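Could you have a look at this structure, given as structure tokens, before my questions?
Chains here go by letter, A, B and C, matching the order in which they are written, and residues are numbered from 1 within each.
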């Protein structure tokens, strides 16, 4: 009895959670503009999407920002993680608090504070500022992915490499890096995904006609309902879903306990 | 005489205020198997790491074959290390691990292959080239670590408690293997352990350390039979250590009785430590010895019985014997003069 | 040995791009431009105290609190049910629970726009059943709904993960000593789940109080919460001084709530700042 009630309740909750998402996806194939009635199956919104130049340019910007910021953040973050790993306690906790700052801060605060910074130094808001902002909020997540892997390393491995004649750089690339690579890759994927998904910070730090997909959706949504958004949503959802499933699978393979649900 | 391959001169090492080494002076001969022995924190591993180059001394010098290498980084030193937890590279197989050092020296492929095979044969792991590191047992990993170090033909091999993680039987086998390897290769082994039995089995020379200082250097027999102070005596083998008074040369008083002994050179009525090994005490019928007591406990240890006999002064003597006296028996304790070791009291550090 | 200097560029970067911006916000909040020069003034903060703006602050806090409570009431049972299931389906269920969260925040909110709209799906269904049409969009209800929808997983997951870790034998011990199901819950399960509850409350309240998307899309352009106020000041009105002051007030609000929560979270499951 209790189990049936529990199961029913769960079904309700899941319905609540998925209804909007599914509606969005289903209606992306709706032949009518109506949000309530079904007019037949069509792919016209998707083709309209691909013909919309504004959408396409946002796609280009979104992808390039995501890729560039993720790459730079990964290299910088890995180097930073190595430095932090070897730090003394006091400095380490200071730097870790610094690292957590963008993670805990509300996006809106990060967004406006960065905007103020850029304007203050008279930097034109555009691609560069957008990139700088994305790198800033990505690096901490890379560090948080790489640091645990560094902690798991046998401290003597690096010394063993030196002992056998390797110079520090050689030892790093041949011994340390292969060992922490899973963390580095996860960090990269995480940064890439966060970048793709971001809205608020991008909203405040971009300009000069540089727009990301999220921002484009926002401006379209403010004008009212538009089935092209549905189509875009469906596509974005599938991509992010795929990426995060991969990240989740990697992190559960690497973590000690079974379930590793990414909590972003 | 073999020449001195390594010299440590006034080596001091401080870690954030803790003095790990308080001024070590030592020379190591070529082709010798020398062991640093002592309890945790005595400085033996620190000394080893300084020789390997993984730490820099706070002051002092390290001389290698006449050259001052104090500031030389580890990858330039002609020593190789076998680490306590092996530190094998998990993303490489056995062959790659062993070949690592050779590859750095840009050795020819054929030569690498040849040398690695020879090494695998030396450590009894022929055929293991392609095996992955985590498929190996502890003992096998240990041997790969040894092979990885030795293949580079170092002049000196450093071993940091390499057998600690192995079970007893395997450990004893490896001890003999390492000794055999050292003699076969004719290179210097510097070994670190806290296991005195291990040190006694393998070494040509033992350096007993405590609290960052050297307590005694000598051959295993020297250290065992003629410990210089109570610490060494207590650390090596089991001992009975009791307070005594040296009345005059060859005569000592302890446990309420006077005994003849074979030591001299102490002051008249000087307070001393008296050290007697458990296996050197014989249990005789009560009236046959001035020193008497009651058997308090008997434990069968396989090779011998270990008995505790409390004398009339309250001291509990540990006695090892192949025959036993049951508990609560009154017995006499008989000790030969040459088995009574007198040593100066160790002043508190 | 490896040197720590390798991370100095990173520290510099973080100082420039994280600390300095926050300092600048402080700077703008406490100054005003008078005749072309910046002067130190508390005017911005005084302005925040005006009734119009206090109403905005109050509304944000109220709505965030309501959403948090609703999330708690709905979410706790979900966490309990998920934590009680057999192992293999558990992780799949949890994963399924989390997946909608991975859709873009913006899109999830937009999805409710389509559902709640006067010509949207809900009203169409109601109409089909012969029920009267409802004006759901651009109301407090819509905003709360949006918040609950977006933040429910943040409440459920922490509670779920704490509940999972509760040692079975504690419950069995309580039952063995004579407690019935309700008492076991009241005296054993709920108290032990408190760290998760605290986490959940923090992770819902904070984004709820700072949101501006939910309120703008589901509440309409006239609907003002703190987030909208800030966005408005920075993007339309261009009164950065006032906007910064409001931001500082909001950050104080957050620090306050985190401080209150930290008092209840003795195990220190929070982030590195406290």
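Methods note: a residue touches a chain if its C-beta (ideal position, glycine included) is under 8 Å from a C-beta of that chain, and two chains touch if they have at least 3 such contacts.
Source: prediction; values computed, not measured.
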Exercise. Most contacts: which chain pair?
Worked result: A-C
For this session: Select the chain whose centre, defined as the mean of its C-alpha atoms, is least distant from the mean of all protein C-alpha atoms.
Result: A
For this session: Please indicate which chain is farthest from subunit B, where distance is taken between mean Cα coordinates of the chains.
Result: C
Exercise. With chain centres defined as C-alpha means, what is the inter-centre distance between subunit A and subunit C in Å?
Worked result: 19
For this session: Calculate how many whole Å lie between the centre of subunit A and the centre of subunit B, each centre taken as the average of the chain's C-alpha atoms.
Result: 56
Problem set entry | subunit B-subunit C separation of Cα centroids, rounded to whole Å | 62
Exercise. Of all the residues in subunit B, which ones touch at least 2 other chains?
Worked result: 54
Exercise. Residues of subunit C that touch two or more other chains: which are they?
Worked result: 1
Seminar exercise, completed: Touching two or more other chains in subunit A are residues none
Problem set entry | Residues of subunit B defined as touching subunit A within the complex | 52-54, 73-75, 79-81, 83-85, 87-91, 100-101, 104-105, 148-149, 152
Seminar exercise, completed: Within the complex, subunit A is touched by subunit C residues 1-11, 13-22, 24-25, 28, 74, 77-78, 81-82, 84, 90-91, 93-108, 110-115, 117, 119-121, 123-124, 149, 152, 157, 206-207, 210, 212-213, 216-217, 221, 227, 230-231, 234-235, 240, 243-244, 247, 250-251, 254, 271-273
For this session: Provide the residue numbers of subunit A that touch subunit C in the complex, in ascending order.
Result: 6-7, 9-10, 13-14, 16-21, 23-24, 27, 34-37, 76-77, 79-84, 86-88, 91, 93, 95-104, 106-110, 112-117, 120, 132-133, 136, 139, 158, 168, 197, 199-200, 204, 214, 217-218, 221-222, 225, 229-230, 233, 236-237, 240-241, 244, 248, 258-259, 261-264
Problem set entry | In the complex with subunit B, residue positions of subunit A that touch it | 154, 156-157, 159-167, 170, 175, 178-179
